[in-house]
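Next, two complexes with chain A in common: one pairs it with chain B, the other with chain C.
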Partner chain A sequence: MNRENVARRLFLSAAILSASVTVLILGFMVVLALPLFKQGLFFEILSQPWLPDSSIFGIFPMIVGTASIALLSLVFGFPLSLGVSALASTFAPTRIGFLLKKTVQMMTGIPTVIYGFVGVFLLVPIVREMFGGGSGMCILAASAMLSVLIAPTMILFFSESFENVPKQHIDAVDALGGTPVQKFLYVILPGSWRGILTGVVLALGRAVGDTLIALMIAGNAVALPSSVLDSVRTLTSHIALIIAADFDSLEFKTIFACGILLYLLTTISVLVIRVLSSKTRGMP
Partner chain B sequence: MNRRLIDISVTGFSWASGIVLLAAVFSIIGFLFVKGYGALDASLIFGDTNPVDALLLRKPVFDGLFPAMVGTFLLVVLSVVLAVPVGLATGIYMAEYADGAVRHFLGFFFDILAGIPSIIVGLFGFSVTVFLHHQFSGRIYPCLLISALSLAFLVLPYLIRTTQVAIEEIPLEVRLTAPALGATQLQNVCYVLIPRALSGILTGVILSIGRCAEDTAVIMLTGVVATTGVPRSLLSSYEALPFYIYTVSSQYVDHRELMTGYGAAIVLLLICASLFASAYLIKYLLTRQFQVRF
Partner chain C sequence: MIKALKFYTGVERIMKAFTFQGIMFGVCLIVVALLTIVPAGAGPIDGFKGQQGTIRISGGTAHIPVMKEAAKRIMTENPEIQISVAGGGSGVGIKQVGEGLVDIGNSGRKPSDEETAKYGLEHFKWAIDGVGVVVNPKNPVKTLSRDQLKAIFAGNETSWRALGGQDKMINVYTRDKASGTRAVFWKKALDKGVITARANFVVSNGAMKSAIGNDPYGIGYVSVGHMDATVAPVALDGVVPTLDTVKSGAYKVARGLYSNTKGEPSGLTALFIEYLFSTEGRQIVMEKGFIPVR
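Let's look at the complex of A and B:
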């Protein structure tokens, strides 16, 4: 009896310890960003440009940089992933579909830094050649590489939700003489929109949170971009680049503003996914 | 006719997506191997030092990947040793002890922890170091131990989730048999649930090892440096493979260094691929074993 209680306490304290890490991470960032809040600078920092010469340390360009890279990678990656998951779960012969899915699973194991490395030496020169001028390090290059990184997240999620569409519905289409494409467009796709949305939110989270690809191939310029061929700095790269600055400077404190922003975005996406999945469970 | 057009364009698009994705992946991997296979020999790892001397730490390695590989190895071992007990215990608690509301509540925290960008975890590790430096000892700097601790936080939610899912996937009749025969909850956990969920748990552990080995964002904020040699203690800075790859891509000075970078990328890719393959193998073998037995 005694041993039972000890074990239960032990498991419970492990759970509390793990959950408290989540709280501690936010806590540390808020405490270190406290001077910003006290001086009322927090929202100013979010909306101003980065002009160190005039002592203006705003992270607005980094917010724009993160948003443009993440959204463009979704523009590339979403149709691609939808096509691949349709191929793997519906259109391709079973064996090819199986192999494709295994390949995609294997892709999740490729280190991010390798995408960045190949980006620097293969993709960036190609972009430079194709569009002439500049270094080739730009939004376009980073989001193209990023779309390959986030595709497996979407593909695996999409295919899973395609396979969860009730078998009776699919059999009904077959019995009525529907083609595979009709089956996909009119039954599978509408029946799995929640799964698709969840996959997109997860992929967007990965795109926003990734550091290495943007740091290595987006060029890290602090100006506001005017085209996809401009170089930008993301919130994550900003943290990596400013970490070496003087700890007490205002410049350094901006990275905690970046951190809090990214933390809030994560929390929102978790909430969205929770709402989506709780609705699925409630469905008949 | 119109329907036929839709049929053709949808299947065509789908096959084209598949081909584009595979082409992208194989050109990324192929590019590395075609450009870097020349770098793959013993001097890639040990430089000009005799391998035996290097392995016994008698002579330092200057031009090779040996210090970075030792750093990555120590980092992985340390973080897994720190994270696995807590992750497993939490996973068991979530699957077996927590009731619905508590599970839902705690699950929310673990979902956030799992979703936090790794650079934020690194920033946390860095802030903790600064805090310790000011509060306790001026001798505390970013180091191997801090990095390992941060990486442990990074893979913790992953371990929790895989353990929890592995236990919850056990059929209910198996989960309830031992308690029905009078076994206590702890006996059920130790003799039925953990052995039965072992393949899922081990897969999670191996994939966590992969994440620790490949992560760059966390370690670049918590103590990794470009050159320092084999780490002398837990509180010293260290080299690591992914960070080496990153530094080479941004500031290589000559062809030889660039080739070592390609070599490092191939080595890291092979390490991650073999971890992935062994996770798959374990899952396959253990699942089959249980299918035979039950």
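Let's look at the complex of A and C:
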């Protein structure tokens, strides 16, 4: 057997191993959540409130918490990212654009605990004093911090897709005497919507999956939120907080319902990205 | 480009896994690299002389200061011994020691008969600790009746104004179910009353202290041994939770601090537990704000 064959087999087995781990994790969660399915409790859990004293272990408030934090962080993060990437790839001089992009790339490496820490000591007191009432640990604070976390993902994807707009199109606008703003609005933006969407889906996935920021600054209350100043618990924080409960309890099993939900959400977003990017590749 | 991004998120996930553990379990591994000269003379620490190996400890977060100090002293004298101290809460401690993941599982409550029987646990109660209500030092409210406390934690009393404070909403902080501190507070201070679903959750005694220290309108509960100038104790029915009132029995919301092992401890684990009960161990317990027993 020659060396290439060995390498090929090695890589193949590595690929099989890592792919099967992903499948095994899903299998593991489904098996452990089986009692929930058997007792017909799974959908009940998804729709009920969390009242451990009355033996009701629903995760509906956590689903709402996750959704509101993730969506609001997109609302904050999307315009910000669009602006930065437009500046970096179109409006700013090349050197400044390059510097901006390098800075953003560096931001992707910051561990989330740092954001959480900054949130606890800087953002939370500001939110508390500015809006009065409440502890400041709320949807607003967590999603503002989270938007900083997910912005680099969007910025890098956006500027990448801006740069992939065919050069002929851009040259044509320049030849027609279009201003940079016209160029951006009428050529670059329409030409890169798929990349923008991919970035948004990926960012949403990150926002849903992040644990520490929500755990540290969303407050983790189990009540259904009625405003953005209410403290909420996300699915991920819920797993982190309940992991220590008795293994045999129903309370503990709800972790697997959370896990399955998160897994499905991630899978769906990956699939969406796959579909989008395969179409992009087919474009002229 | 996309590959690069995937790499970044991959790296970050790994980092997240680390930091996540850092927060949740508060893993504090202190490795003493210095070779130290074992002093002559008989001390309680001498039992460790010439020994080597590891002791893994996890569980109750109230125990951590004592565990860390004991670990530091033992490891300084005996560089061949490594002791790791993690948090997680009483529930985690009991579970992990029962499943053999750690050598000593700490709990801020006595393990239930069920847990003891299931895992074959041995309990070692080495200190008494109170659980006191705390508010931010800026809060003028420094005394509450039990009924007022229950109303606050149930979410029925929502403003500091009625209690003599500012016209601000009360922010209730509580601990997760794994917490022994919560179990004792709930049973002995709230008489198993309701805790509002609007309460903020924090994951350790330390996190509770920093949450209350940062929130001028917050109220929570923390181990008396952990109280310091960043938080202000609140008198419950006229009794301020302090070391002295817990010791005299005047302050009733108290519990034992336990270290649990699976079966009779042996080797280094036995030595460590022996050390906690020695003169030096009791000294550490006292220094950290608890009342040593036996």
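Observations on the model:
As a convention for this text, the second predicted complex is superposed on the first by the 277 of 284 C-alpha atoms of A that agree within 3 Å, B and C clash if a C-alpha of one lies under 4 Å from a C-alpha of the other, contacts with A are read in each partner's own complex, and residues count from 1 in each chain.
One rule holds for everything that comes next: contacts are C-beta pairs under 8 Å (C-beta built on N, C-alpha and C of every residue); 3 or more make two chains touch, one makes a residue touch a chain.
A quick note: this is a predicted structure, and the numbers were derived from the prediction, not measured.
Applying the stated clash criterion after superposition on chain A shows that chain B and chain C collide. When the two structures are aligned on the shared chain, A:52 is found in touch with chain C, with no touch to chain B. With both structures placed on the common chain, the touch criterion links A:241 to chain C but leaves chain B unconnected. Judged by the touch definition given at the top, the superposed model places A:124 against chain C, while chain B stays out of reach.
Using the contact criterion defined above for the overlaid structures, shared-chain residue A:135 touches chain C, although it does not reach chain B.
Shared-chain residue A:15: touches chain B; no touch with chain C. Comparing chain B with chain C, more residues of chain A are touched by B. Of the two partner chains, chain B is the only one that A:24 touches; chain C does not reach it. Contacts of A:86 after superposition on the shared chain: chain B is touched, whereas chain C is not. Applying the stated contact rule after C-alpha superposition, one finds that A:263 touches chain B and leaves chain C untouched. Once chain A of one complex is fitted onto chain A of the other, the partner contacts of A:111 extend to both chain B and chain C.
The clash between chain B and chain C in the superposition falls on 221-229, which is one of the stretches 77-85, 167-175, 185-193 or 221-229.
Overlap of the chain B and chain C interfaces on chain A comprises residues 109, 111-113, 120-121, 211-212, 216, 240, 243, 247. Only residues 3-4, 7-8, 10-12, 14-15, 17-19, 21-25, 28-29, 32, 79-84, 86-88, 91-92, 100, 103-104, 106-107, 109-118, 120-122, 148, 151, 155, 179-182, 184-185, 205, 208-212, 216, 236, 239-240, 243, 247, 255-256, 259, 262-263, 266-267, 269-270, 273-274 of chain A touch chain B when the two sit together in their complex.
Residues 49-53, 61, 105, 108-109, 111-113, 120-121, 124-125, 128, 132-137, 153, 156-157, 160, 206, 211-212, 215-216, 219-223, 230-231, 233, 240-247, 251, 277 of chain A are the ones touching chain C in the complex. Those residues of chain B lying in contact with chain A across their complex are 3, 6-7, 10-11, 13-18, 20-22, 24-25, 27-29, 31-32, 35, 85-87, 89-90, 92-94, 96-98, 106, 108-113, 115-124, 126-128, 130-131, 153, 156-157, 160, 184-186, 189, 207, 210, 213-217, 220-221, 242, 245-246, 248-250, 261, 265, 268-269, 272-273, 275-276. Considering their complex, residues 1-2, 5, 8-9, 11-12, 15-16, 18-20, 22-24, 88-89, 91-92, 95, 168-169, 171, 173, 176-178, 194, 196-203, 210, 214-215, 217-218 of chain C touch chain A.
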